[in-house]
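Structures for review follow.
The following pair of complexes shares a single chain, subunit A, combined with subunit B in the former and subunit C in the latter.
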Partner chain A sequence: MTQTQAPVVPGDRVSLSGAWSTPSTHKPTKRAGLPLGINIFLYLLPAFLLVTVFLAVPVLVVIALSGTDWAGIGIPQWVGAGNFVRLFSDPAFLKSLGNTLLWVLVGVFIHTPLCIIVALIVARKPRGWKIFRTVLFLPNIISATSLALLWYFVFHVSLGLINASLTLVGLESFTRNWLFDPSTALGVTMTPWVVYIGFGMVLFLTQISTIPQEYYEAAQLDGASNLRQDWSITIPLIRRAIALQVLFVVGYALRSFEYPFVMTSGGPADSSSTLSLYIYRQMLTANEYGMAMAAGVVTLIVGIVLTAGVFWVLRKAER
Partner chain B sequence: MNRKATVALGATTALAIVLSGCSSAIPQGGGSGSATEIEILSNFTSDISRGKVLDELIEEFNDESDGKYKVVSKAQPDWPTLQQQIRSSISAGTTPDLFLYNYNPTDLSREESGELMDWSAYINEDPEWKARFKEDNLAALTTENQLAGIPGDQAPALFYYNKDLFAAAGVDQFPATWDEYLAAAEEIRKTGVAAISLMTADDSWHTMNALSYVATAKGGPDAYAPGADLDSAAIVAAADYTKQLLALSTPDAVGGNYSASTSNFLNGQSASIIDGPWLISSIQSTVPEPCSIGVAAAPGFNDGAIEPGYTVTDALNVWGAAKQSDPDKEKAVVAWMKFFTSNESASRMAVDGEYPMAVDTELSEADRGRASCQMAQVLDISNAAPTTIVQMGREITTGAQAKLPSLLESLALGQTSPADFASELQTANAE
Partner chain C sequence: MTAMGKITRWTILIVFTLITLLPLIWLILSSLKTNAEVFSNPFGLPQEWKFSNYSDAVAAHPLHLYLRNSLGAALLSTVIIITASMTASYALLHRFRLSRLTFSFLLFGILLPVNALMTPIFFIVNMLGLYNSVMGLALVYAGLFFPLGFLIVKTYMDTTPAEIFEAARIDGASFHSIFFRIAAPLTSPGAITAGIFLMITAFNELLFASILTTDADAQTVQVGVRYFLTTYSANYPLAFAATVIGIAPTVVIYMILSDRIVAAMTAGSLK
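And then the complex of A and B:
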């Protein structure tokens, strides 16, 4: 390939005597650079500013407002720990807290194992695995509100697919008001999240793909079954991905809002309410901004404790 | 600067000037440059009848003011969002020029924010205008001789019932007492139709209408007035009747929202509903024989606690305005409100907008002829009502309001007895 030279424009300062691309024979001058500490500071400054403005300050405001009585207008009145005392004597809050922790448990002990199992199957690349993987991941790119609405109609008492199907196969006695029966409402709002395993599955598949094939070949020579290989090679080697998934699950469970909001509004009688929904109600219905902030602080503390717990378990597993 | 750069700069400037002239979709009138502009924030979107009438009235007002004033409507269709938007704006010191908000005697944070305009001087200097409003409403909005707003609407919640479904169950006349209503409801249920549309989600509007009617029929107009003890015999009785009504409602009443409840009535899955006049436009557009839907005052009891024919209403919605530093803007706000609350505007809002306003409205014969079969009945019942009482959900504290869905659902599911319902409601209201 021939290299074309750019035309020389009058006025451009180009040495015509030397070759076009001849490197300078001058020794590189020693530039007086900024000290390393200042360099690091400058690199971190944008991120530090963003975190300060959009995370640290709002968190501090939430913590400050959690000790006030404020209706959203006027000057907040300082009530100290009063909001927290009220929170822990409010059955609706305790129910929401309990339900949120149940979301965490279901996420960790049902949703995550389901993701692992499907990832282990798909990693063996059975026939049609690519389609399977795509279909399972699809719900992750659809708005949760739309999906919640879809599931609302699946479980609806008179328009729902479940009751219609049960009636069709002669199991009419099993039909019920799934969304508003206190014994089923919470489970029903969790169902979509539990079964949408696409994200976790992809996370595990990515990690599984980094495991050297030799490990499996050696295990096969030793006569290890597929189950044994998964149990003794794959799962231990994806433990960091499992920890990451659990962190995601905890985060999502603490923020769980769309499914209970759209499907049951947290009812009946708060049986499917979550912390996020409780905070929403305190702010937008009761105009109790202080109480909402206090509930937010409790959510933050629960999140920190759970995250620390996950890291503690991970460190123990590493040893 | 070289020639090319100068030409480029000139061309860009010229393009910017041309484009800025095209940027507004609203035609700029010759005299509008000096007009004092005010913005109205409400839920009157242009796709609903009251929004259409508002737009027409605004256009007429702007024309009549001959370039002096320009009113612009900014509508937010979702009522709770609108209320939060107003609250946030007041809090941020950017109160809208004129806005529609729901008055709640237990939450005067907006009225006492110091950000609202005082209407008292304007209404006191015009006795004719003042006489158009109910004294009670003006008194409620007055704090320390300052009038925080102009009464906007106070929609009566009345029984809308499907005459054909009642007749199919052998009920030819709308029941006069709640016990007769329950008996009729049982007959209606036997025909495979729910007797009444109720819902417990959000503000439990339809269910709270029923509860409010029974409570006031049992305990009189002050059964749940601000400061009243809700742990009372009237509220216990009301909870008991409401529980029975919920059992006679559609299967999705517990947990259902306004939309589901209304659809059930409009689709003929339930025979009655207690709702505001905004339902009329849906009846007119959805029900095949719109005039088969009758309107009735709620049943009562024969114990004389309250005079029959009274109405329970939605909260008083109020037109509040921002405290203005510009006197011209304040004059514009007052001029618009006088125009908007005139008998002619109110009649058009009632007949064409299906939105009866909280002002004295006398319909002409022509207007009466144009009114839908339901609106004419609504106006007759409202005019004949000896008393109006605001619905309970609008009178209790916001904290108690937030607990209503849960309390009603517990009541419907048998987790809470009517007595416990009253007691828990009182506790929530007293917090």
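And then the complex of A and C:
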């Protein structure tokens, strides 16, 4: 970001409002003191408006109104920390928070290792590796809504692929109503996300392709097996990509909405609800806008803490 | 490589490929069956290929409107983001007081779990009078996804050698003409990458589309497809056909441009 320094041009022909009548202040000096020109301001304005209206203001509003009781009309009543007390004594919220953190854990400790394993295999360029890469990435361009619908049918009790397959191979005793069984609903909503490893795989492949081939040649001379090379050379050298993947996992887990919303509606009995779904419900079903804002604040805080945690671990690993 | 290792590797690859493809193939086949056959013959080819499921699906719900709205919101938000990213990146090529702070401000949303903001955004859109409109949805997408597009475009524009701008300036080119004739054209590959990524992301969005719209004139495919599940639970093939229609636009583009799209979807992530 620092390598380019094109100074503001004095005597701008298309100048608006004549603010460029003092060209002496626009000498191409090195770093210091170029005043904030009208042109720069105008060029920044669209971006500034977008970020202000749809990101900055919402963050301020969600914090400000999280301490109020508000049904959407009338004046919000200040209740201080009341919403947060209510949130943390609401079993549905605690379940949603716990489930979201479980999404993070499953993403980090099951999904990410799967991505790494497949990336390590594809990186050795077996026959047809490009086809595998293309096919495995495919789910990333399909909407999560459609994928959730698809997996709803996969797990569907009467016409689902899973139950039909189990019946086909004579394991009828294992068939169940996956989507409406409190012990399986959460796992079922996570499954599509866990098994679609395409994005992480490509992320790791990109980083692996930057590792010099000589490292592997040297290891081969020392008689190191493929597995040994992957473990001792590749994995340490893709730690940045791993950190990035974990950041994506955290981001996705906190936004996880489509799978529980479409497949189970968060049920049965909130067993598969997530923070996003909880906020959605507080807002549109319960009309508890203050509670929805408070839950939003908790989501933001969880996001900031986890993100900071990833950076902290990465910094330790870099040392 | 040992034989054992080889078998393990191929098994893993094939298992993941099947997990990815089998449900999709099953979906397409099922969308061409009768409702009865979906239950009686879940795995086989349709005995009678019912292409009429597709026309029935379009007749049952205004899918063409949903598609139009999805494409409209995706296209509009992408154009807004690319324009704003280009001009902002260009402005930030110039050093000024607070330029670093401005950059951080424009990017701060990139790691934010934006779903946490659905309540305030719902009210802001209402206050702006944009509730239940494609325009409102496009603007919300433009705001939420701006940091992602901006990062890609800015990173790309920053690779333009400073000498090019310097030379143009010495030749007497104005602030605006340097942008329109040099900075913007040279950044177009980055803008296209960002554009592909943003179009797909916006087209596939569900949460904000479902809280900000209520009727078919503004609802998107992602919202509309669910109606087939709730109102047509008796006729699954129609729901399958609608899902296929909802998936088709991105999948077709992916088949044509897969390498480009894989690169675009992961762009800006390894910086």
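By definition in this document, the second predicted complex is superposed on the first by the 266 of 319 C-alpha atoms of A that agree within 3 Å, B and C clash if a C-alpha of one lies under 4 Å from a C-alpha of the other, contacts with A are read in each partner's own complex, and residues count from 1 in each chain.
As a convention for this text, a contact is a pair of C-beta atoms (placed from the backbone, for glycine too) under 8 Å apart; a residue touches a chain by one contact, two chains touch by 3 or more.
For clarity, every value in this text was computed on a predicted model and none was experimentally measured.
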More subunit A residues in contact - subunit B or subunit C: C
Touched partner set for A:I73, first subunit B, second subunit C, both or neither: first
Subunit B versus subunit C as contact partner of A:I208, first or second or both or neither: neither
Contacts of A:N287 with subunit B and subunit C, given as first, second, both or neither: first
Touched partner set for A:S265, first subunit B, second subunit C, both or neither: first
Which of subunit B and subunit C A:F180 touches, first, second, both or neither: first
Touching partner for A:A92 - first (subunit B), second (subunit C), both, neither: first
Subunit B versus subunit C as contact partner of A:S158, first or second or both or neither: both
Subunit B and subunit C contact sites that coincide on subunit A, given as residue numbers: 158, 284
Contact set on subunit A toward subunit B in their complex: 71-74, 86, 92, 156-158, 177, 179-180, 182, 264-265, 267-270, 281-282, 284-288
Residues of subunit C defined as touching subunit A within the complex: 1, 5, 9-10, 12-13, 16-17, 19-24, 26-27, 30, 38-39, 42-43, 80-81, 83-85, 87-88, 90-98, 102-103, 105-106, 108-109, 111-124, 139-140, 142-144, 146-147, 150, 154, 158, 160-162, 165-166, 169, 173-176, 178-179, 200, 203-207, 211, 221-222, 225-226, 229, 236, 239-240, 243, 246-247, 250-251, 253-254, 258-259, 261-262, 265-266, 269-270
Residues on subunit B engaged by subunit A in the complex (per definition of touch): 80, 84, 87-88, 90-91, 107, 109-110, 112-113, 200-202, 250-252, 254-255, 257, 398-399, 401-403, 405-407, 409-410, 412-413, 415-416, 431
Partner subunit C, residues of subunit A touching it in the complex: 1, 3-9, 12-14, 28, 31, 33-37, 39-41, 43-44, 46-48, 50-51, 53-59, 61-62, 65, 117-118, 121-122, 124, 126, 132-146, 149-154, 158-159, 161, 164, 168, 195-199, 202-203, 206-207, 226-227, 240-241, 244, 247-248, 251, 254-255, 257-258, 261-262, 275-276, 279-280, 283-284, 289, 292-293, 295-297, 299-300, 302-303, 307
